[in-house]
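Please find the structures below.
Here chain A shows up in two complexes: once beside chain B, once beside chain C.
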Partner chain A sequence: MIMSKRSVIPFGPQHPVLPEPIHLDLVLEDEKIIEAIPSIGYVHRRLEKLIDKRDFKDYLYVIERLCGICSFMHGMGYCEAVERVFDTEIPDRAKYLRMIWCEMSRIHSHLLWLGLLADAFGFDALFMQCWRMREKVLDMFEASTGGRVIFSVNTIGGVRKDMSKDMLKGFVNEFNSMEKEIRRLTDVFLHDYSVETRLRGLGILTKEDALRFGAVGPMMRASSIAQDTRKTGYLAYNDIDFDIITSDECDGYARCFVRINEIFQSINIIRQAVEKIPDGQISVPIKGNPDGEAFVRLEQPRGEAIYYVKGNGTKFLDRVRVRTPTFTNLTSLINILPGSELADVGLQILTIDPCVSCTER
Partner chain B sequence: MRENYKIIDISYSDITDIMLNCQKQGDRLVQMHAVSIPSGAILYYSVSTGDNEFVTYKTQVSDDVVLPSISSIYPNAILYENEMKELFGVNIDCISLDYNNRLYRINVETPFKKPAKEGE
Partner chain C sequence: MSKMKKSPWIMHYDGASCNGCDIEVLACLTPLYDVERFGVINTGNPKHADILLITGGINTQCESVVKQIYSQMAEPKVVVAVGICACNGGVFKDCYNIKGGVDTTIPVDVYVPGCAARPESIIDGVVKAVDILEEKYENMKKKGGKAH
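Coming up: the complex of A and B.
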């Protein structure tokens, strides 16, 4: 009997398929992966520790900078948690505005991911078209907040900027025309033979394993688990009609399918929100310092994120904690790799849509 | 509307049994974290139930307590436990993948730990 030779290949932290540093020690038998051991911490910033030096209002500008993709949602999650400690309800209009920006964040994040996926299997024209679409969403962010990466539009007690009726209608018109173009692009991901061949059967995560390994977001929903934190009804999601998108196929194709359909779902949520947004105030004043603790969960593009704050009655909080989606999805990643080929590792990493910047908070 | 959640105070000696019970019920472990207090830490273990209800078990430990790892019950506890150990100095035994305080490659020992008060 011929014994296969085992070898260990270091993958990352610098690797063409990885936009950010993460390292995997891949134990191989010939070309087949037997085990994957992850290492993170190459760019850990200890931003949670900065709460010792920044008061709870200033810290909002720190937490937005955890990540350039989810910066709006990081700022919002922190604000929601502090507002909960204060037991303050923000005005309805602010809830709708936050919801619209959240869904815009989801659209541009998923388009970014689709572009990276296309780039990973060498489909450069598709990559550029996805990012061209994403630019349009960033243009809308710039028009409404003044920023393209860091928005600073959240404030504790609401939001800083309002959107006029004309602006909101303009956004819906823009999304209506984008929807057709995005549909053409996503048809390629879902029906092109070469793309399907690369993604079908790749990195299978069963429903049981998704629960065991704590998968969240599209990663979890692609494994047939119908959970979406938006259904807990934070912001104004209870006023919006939407279904949780799932797939039973549990592979890379299923994750792609879920994210693609979430783009169209987000466009639909924005349409409904623009129709239903009430008039009124966009923020309420907050007085005093937070005293007490609170958790907030919200659905980021990559999945459920959890924010925790603990105040002590002074302007400096005792603790801020952010549990980002990638931090928990890493366990699923290292458990879907065994059994696959070395050549597929890059693509498998991409299917979890990793954000190392969030993870290395 | 805001999500309702529960925070349940428990003794640290019950953590393994409670987590085992949660795992048997099909709950997801969604997060663990620590808050430093003088001479110890407060630990939070949060699960999401099948109905997506958010439940947190909260316990306090002193510096001399050695906690059992729950990574054999919930494999995704590995990173949370390594983080609590490295940043807060919580003693956790038998983590299935123990980075030995090198998860974040920080030169400062237990940077998030609050110093003990004088006389303790």
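Coming up: the complex of A and C.
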């Protein structure tokens, strides 16, 4: 028998399958991966330290730039934390508006991920179609907030822009027609033979491992753990009827399944929110400087994110800390890679839906 | 726009950006903006690329990567800095880890401002880059260089 030879292959930081830089040293035995050693820091900016130079109101515009995909949710998480320090309750209408924008962010993020996944397994037409659908969500964002990527629509104490009745109704109609088209696309992901062969059995993360490595978000739910931070009832999620989507297959297909169903779930949440949205103010004024600390959890498209702020009574905060979902999911990634083949690495990395820029900040 | 003299192949690298401009660069390639109709193709190989699109500022870790990608590209080559962070550091300018814009590390030919840069302006930047590419090519020919 010929002894297999070990070799180390660098993966990234510049790699065609990754839009963002992450570097892995892959230890291979022939084509099989034995070990994956990550090295990060290519997108590190030290954004949290910038709190020394920006006051707590200005910092909102910095923290939005933590990540361009969930920019709305980062801004919102920070605002919620500061509002908690001030002990301020935002108006109900603002809660609903934030919820609608959150779910729109989830839809666009999941469509973006589906597109990148299709690109990674070499189905270019599907990639293009997913991104075509995503542009429709971005158009709605642009109509309601004025931006495609960075919205700056949150403010401490509420939101800065309101949506009219007609606009909300228009959005629901748009989503109704989009739903059929998205269903056509997602049927390809779930039922196409060639797609299934790529995704089934890819990167299995058992329930025990998911708990042990602290996986979050769709990654965790695909390993049959029914946990969703939205169920803790922040914003107005308590008034909305939705189920946690899980799958017990634990592989890449399951993660795809969970995210696809979350798109339809989000559309459903938006529909309910538009029906229930109350009239009234969209923000309350805040006075003084934050003094004290607060801690907020919320569910991002990639999983649970945690925001912590600590104020000292001046306009400069002592500390801002964010724990992002990809950071926790990286541990799972490093542990599902061994045993798979080199050609599957790109796809494996994508199944955790990595967002490097918010991980490294 | 008159006509494109070349079908430029672009390469995209994410410096220390927030992802916003990256997804906008990708959005340029997808159906709504569809730059492929001008013959623009996104390639992952620096040796194939004519135009390098860099998003985000430069930090100490990615500096060598950017230099390496730039040096691997064949002449003539054009660099487009996409987004305000790539132009001068933008909102992250004061971060200790950020050196500044892309021009602190490699020469930049076209600056595309915006946070995030809109796909329309990125396309405009690429069109300008094609003209510069053509100019550089002519200069190389005049010098009796290797271009043919």
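Convention: the second predicted complex is superposed on the first by the 359 of 361 C-alpha atoms of A that agree within 3 Å, B and C clash if a C-alpha of one lies under 4 Å from a C-alpha of the other, contacts with A are read in each partner's own complex, and residues count from 1 in each chain.
Following the convention adopted for this analysis, contacts are C-beta pairs under 8 Å (C-beta built on N, C-alpha and C of every residue); 3 or more make two chains touch, one makes a residue touch a chain.
Just so you know, these numbers come straight off a predicted model, no measurement behind them.
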item: Partner chain(s) touched by A:F86 [first = chain B, second = chain C, both, neither]; value: neither
item: Contacts of A:Y78 with chain B and chain C, given as first, second, both or neither; value: neither
item: Touching partner for A:P21 - first (chain B), second (chain C), both, neither; value: second
item: First, second, both or neither for A:E304, with chain B first and chain C second; value: first
item: Touched partner set for A:I69, first chain B, second chain C, both or neither; value: second
item: Touching partner for A:L330 - first (chain B), second (chain C), both, neither; value: first
item: Partner chain in contact with A:F189 - chain B first, chain C second, else both or neither; value: neither
item: Partner chain(s) touched by A:F123 [first = chain B, second = chain C, both, neither]; value: neither
item: Contacts of A:F295 with chain B and chain C, given as first, second, both or neither; value: first
item: Chain B and chain C footprints on chain A, overlapping residues; value: 41-42, 44, 46, 49
item: Chain A to chain C touching residues, read off their complex; value: 13-17, 19-21, 41-47, 49-50, 53, 61-62, 65-69, 71, 112, 115, 127-129, 131-132, 135, 138, 148-150, 355-358
item: Contacting residues of chain C [partner chain A, same complex]; value: 12-24, 26-27, 30-32, 43-46, 56-57, 59, 61-62, 65, 69, 91-92, 94-98, 115-116, 118
item: Complex contacts: residues of chain B adjacent to chain A; value: 1-3, 5, 7, 26, 28-31, 33, 35-36, 44, 46, 48, 52, 54, 56, 74-76, 78-79, 97, 99, 102-106, 111-112
item: Interface residues, chain A side, partner chain B - complex; value: 37, 39-42, 44, 46, 48-49, 84, 211-214, 216, 227, 229, 231-234, 238, 295-297, 304, 306, 308, 310, 318-319, 321, 323, 327-328, 330-332, 335
